[in-house]
Amino acid sequence: MSDIQILKPQKTWSHLAARRRKPSEYEIVSTNLHYNDRDAASPYELDPGMFMNEWYKKHTFDTALKHADWNAFRDPDEVVYRTYNLMQDGQETYVFGLFNQFNEREHDKALDPRWAGSLGRLYAPARFLFHALQMASAYVGQVSPASTLTNCNYFQMADSLRWLSHTAYRTRELALAFPDQGFGRDERRYWEQDPVWQGFRELVEKALTTWDWGEAIVALSLVVKPAVEEAVLRQLGASARHNGDTLLGLLTDAQLIDADRHRRWTAAFVAMALETTGNLELMMAWIACWAPLADRAIEAYCGALPDAPGAADAARAATRDIRRGLGL
Amino acid sequence: MAVLNRMDWYDLARSTNWTPKYVAEDELFPPKLSGEFGLPLTAWEEYDEPYKQTYPEYVKVQREKDAGAYSVKAALERSRIFENADPGWKSVMKAHYGAIARGEYAAASAEARMMRFSKAPGMRNMATLGCMDEIRHGQMQLYFPHEHVAKDRQMDWAFKAYDTNEWAMIAARHFFDDIMMTRDAISVSIMLTFSFETGFTNMQFLGLAADAAEAGDHTFANLISSIQTDESRHAQIGGPALKVLIANGQKQEAQKRVDIALWGAWKLFSVLTGPIMDYYTPLEHRKQSFKEFMEEWIVAQFERALTDMGLDLPWYWDIFLKDLSETHHGMHMGSYYWRPTVWWNPSAGITPAERDWLEEKYPGWNDTWGQCWDVIIDNVVDGNMAKAYPETLPYVCNMCQLPILGTPGKGWNVKDYPLEYQGRLYHFGSEVDRWVFEQEPERYAGHLSIVDRFLAGMIQPMNLEGALAYMNIGPGECGDDAHNYAWAEVYRALRAERKAV
Amino acid sequence: MALFPLTSNFEGDFVLQLVPVDTENTMDEVAAAAAVHSVGRRVRDRPGHILRVRRQGSEAFLPRDMKVAEAGFMPTETVEIIWQAPAA
Amino acid sequence: MNTAVLGQAYRNNLVGPVMRAGDLAQAVIEAARTDNPGKDIFVDDKRAYIRIHAEQEMILRQATIEEELGRPFRMNDLEVDLSSFAGQIESGDDSIRFYFVKKL
């Protein structure tokens, strides 16, 4: 046999070698990493009919949200693990610097006790909500059909833990400043019983039990997260500033930097999804189904924010603007 | 400084369980994904992770770790360690990266399953960090070998291996898919983090680092030992889950999962780590034998920890101890004899000096594996290469997917462990492999081993060329002797000496 | 006449191997087919010895002229190929 | 070694860190001696990693390591070089403890 071609070394992985552009560090370490798309009958190397194989066949590969090559997705920020920590260590140094400074200046002692009461009811319980975002991102990540999408969701999961951690930290500080306001004790009760949270609770409980990857990512990234970020970060932050709580305003600003990054990859994802005929209508239908829940959540929550008369309308409009900006 | 200590606010960050109202608890935490142990949310709130870490601590420490690993890599890039390395050592790196890198990335999704579906809030936060760790391990172990990809086509397999039906990769996927990709959150914590990561990853990431340091490959030693610092944290996810299960009368279920995972890990390491430690690593750089590393990490450290948790030694403990001196010699002989089917160049590792070392570490080696190697050596020395390559397939185990083998020569004990199940005849490499199958046949029964696929006509043409094509291993990639049979010269000289006498 | 897969466990060798035989082959022919993949590869020839076939777990050899079709094997069943000294 | 001896290897009570080589490992060795008075500290240097063990229990304190290093050190910075450990672990704000519950 004289026609045997001996394979020669190439400049990069063979799956990237055909392209003209030199691959970036991001592409070398992030693309095409899942191996569960090798065999349509059996994502995992076990009995094709076993539970988890059926789960992935149904919820990942048979979703109605179609694209010929999800692996072509690229995070516009090209975040890799190494740069994530660089970036977030810097951000955490900033935030903990704020905590330190404001604590030294006895910021909490200057807060109006009535505002402290509002924080106990409207801020501290948010750790449950942020944790729900953490869980939802973990799910969407593990069922995403491309590693580049998975990674965006896992970094988003870690960012949600970051928000939760800030909230827990501030809850403890506020407990020290206002020992009789129930900080560190009453959050679960507020989250489970107070009407201001029930909209968000219903929204995330339902989002967390949406198993189809396509619907889950649309619900989380285009409905749930925008609603949470516009109401519980932006509008809460504005209300905080109005009530002399500069620290919370600065904190939510810092967290919104993460949210902006999440929105950039979401925009790239939506643009890619819209390349396939039928996805527009499908995504619009999912949004139409989820948005009323989110609107009710925003209404209930923002309606209770002190000194924030237009908060609900502003937050709801902002979620619409985000989607409209993406062609949805 | 006016910042709180970690423990002032740590508990609040893991007080995140709530009672769902708009969906049922079993919908929020489906038993098949959360673990079918019948324990409610409140039972899992007792879970207390012993190795605590917060988000700000995490990003700081991890940034520092990466700064270390990447700067060592950058500093040593010009020292041409790869180019100058012994071919046996290059094979160590190729086997390692191919079998490990994307498996670690996949583990991120196993961690994400614990994050989403565990009912223990502490576990959910630790698994969030564990998931991030595994992204690190996947990405670093792709970035580091990538610098060698232009020098050696086989290095492409650091990425490509997981996409192929190469037989060792079928085995690797079968194991990892079984213990981490297809299990519920609690089982993942027991099988992946407790059984695999507190046990076996130490073998690959520290034992091998010791050899790498001896071999002068400081980039690799530094990389893998740095990876293990993450493992040592998130591997602690499983321990407290075991304690919760034991406290709630679920010891048998916990023990079974440990026993299944430990055995599968052992089989995979017998083919991956055993040969590279005892045959590929140049003799002068071997810190300890594979068996000695196993004794240090698995018997003395892991099994001791397991008994401290309140679990028992696996029921197959005696079989395991016996196999520690045997199985990997067969795995090495198999991957050497069938070397065109692997993506690295196996080092034979059987010069007289190496055989003396093997005989010292494994008394009786010459009378057993040595007997088979004598025949292989004669064929190579005589130039009878047709006989030094295979013409059929080894029969592989329907559980571990590795050749069914045993001790040859004077200690011949090779045995099949068959099982007829629903009209199909399955073959297993040991009593334990068969036992694993019998625990949950529905997980495994419909899977086809590479031999099953061959017999089903899925591999065409039905010869070595067809098999190589099926395994996606091309000319320029498939393995051959690491040293191009240079070792045969030693035996030629010995023959000449004997004739002269 | 039909192709029939057996698994060979060859005395002195280290691994089971797939050996395709024919239903019309005798046990001597099965042993010879198995030997191709072991003898002179990893197992030294034993001049003067013959090779016998038995089921795993059985002490008794199958008759040398028994055909595969008559032996009642399941496809891929493991057979042991054992050296027999000339005197035996 | 025969399997009977090998099989007994788990019957030990040694606990403590397995550190990557470097100045932190050296500081931990010294801190182990200081923080565990009256205990023998076993050090096994394998070049790429160093076992630092004691019988049944070992405590390491942040302040002691900081003193040995001569620079600021936070307890969780130990993780940078803590590749593995024998025993169970208990991590606190300013100390870390390795221990076994059972004595074999």
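Brief remarks follow.
Order as written gives the chain letters A, B, C and D; numbering starts at 1 within each chain.
Note that in this section contacts are C-beta pairs under 8 Å (C-beta built on N, C-alpha and C of every residue); 3 or more make two chains touch, one makes a residue touch a chain.
None of these values were measured; they are calculated from a predicted model.
Of all chains displayed, B has the C-alpha centre closest to the centre of the whole protein C-alpha set. Between the CA-based centres of chain A and chain D the separation comes to 39 Å, rounded to the whole angstrom. The mean-CA centres of chain B and chain C are about 34 angstrom from one another, to the nearest whole unit. The centroid of the Cα atoms in chain A and the matching centroid in chain C are 63 Å apart. Averaged C-alpha coordinates give centres for chain B and chain D that are 26 Å from one another.
If you sketch which chains touch which, a single hub chain touches all of the rest, and none of those others touch one another.
The set of touching chain pairs reads A-B, B-C, B-D, using the touch definition from the header.
Across the complex, chain A is touched by residues 1-4, 8-10, 12-13, 15-16, 18-23, 27-28, 32, 54-56, 59-60, 62-63, 66, 70, 102, 105-106, 108-109, 112-113, 115-116, 121, 124-125, 128-129, 131-132, 135-136, 138-140, 142-143, 146, 149-153, 155-156, 159-160, 162-163, 170, 173-174, 177-178, 181-183, 442-447, 474-477 of chain B. Note for the complex: chain B touches chain C at residues 330, 333-334, 337, 369, 371-372, 374-376, 379, 387-388, 390-395, 403-409, 412, 414-416, 418, 420, 425, 427, 451, 454-455. The part of chain A that touches chain B in the complex is made up of residues 4-15, 25, 28-30, 33-36, 38, 42, 44-53, 80-82, 84-86, 88-89, 92, 95-96, 99-100, 103-104, 127-128, 131, 134-136, 138-139, 141-142, 147, 150-151, 154, 157-158, 161-162, 164-165, 168-169, 171-173, 184, 187-188, 191-192, 201-202, 205-206, 208-209.
Those residues of chain B lying in contact with chain D across their complex are 5-7, 50-53, 57, 61, 64-65, 68, 202, 205-206, 209-210, 212-214, 221-222, 225-226, 228-229, 231-233, 236, 239, 287, 291, 295, 299-301, 303-305, 307-308, 313, 317-318, 321-322, 324-325. Looking at the complex, you find that chain C touches chain B at residues 5, 7, 9, 11-20, 36-37, 40-44, 56, 74-78.
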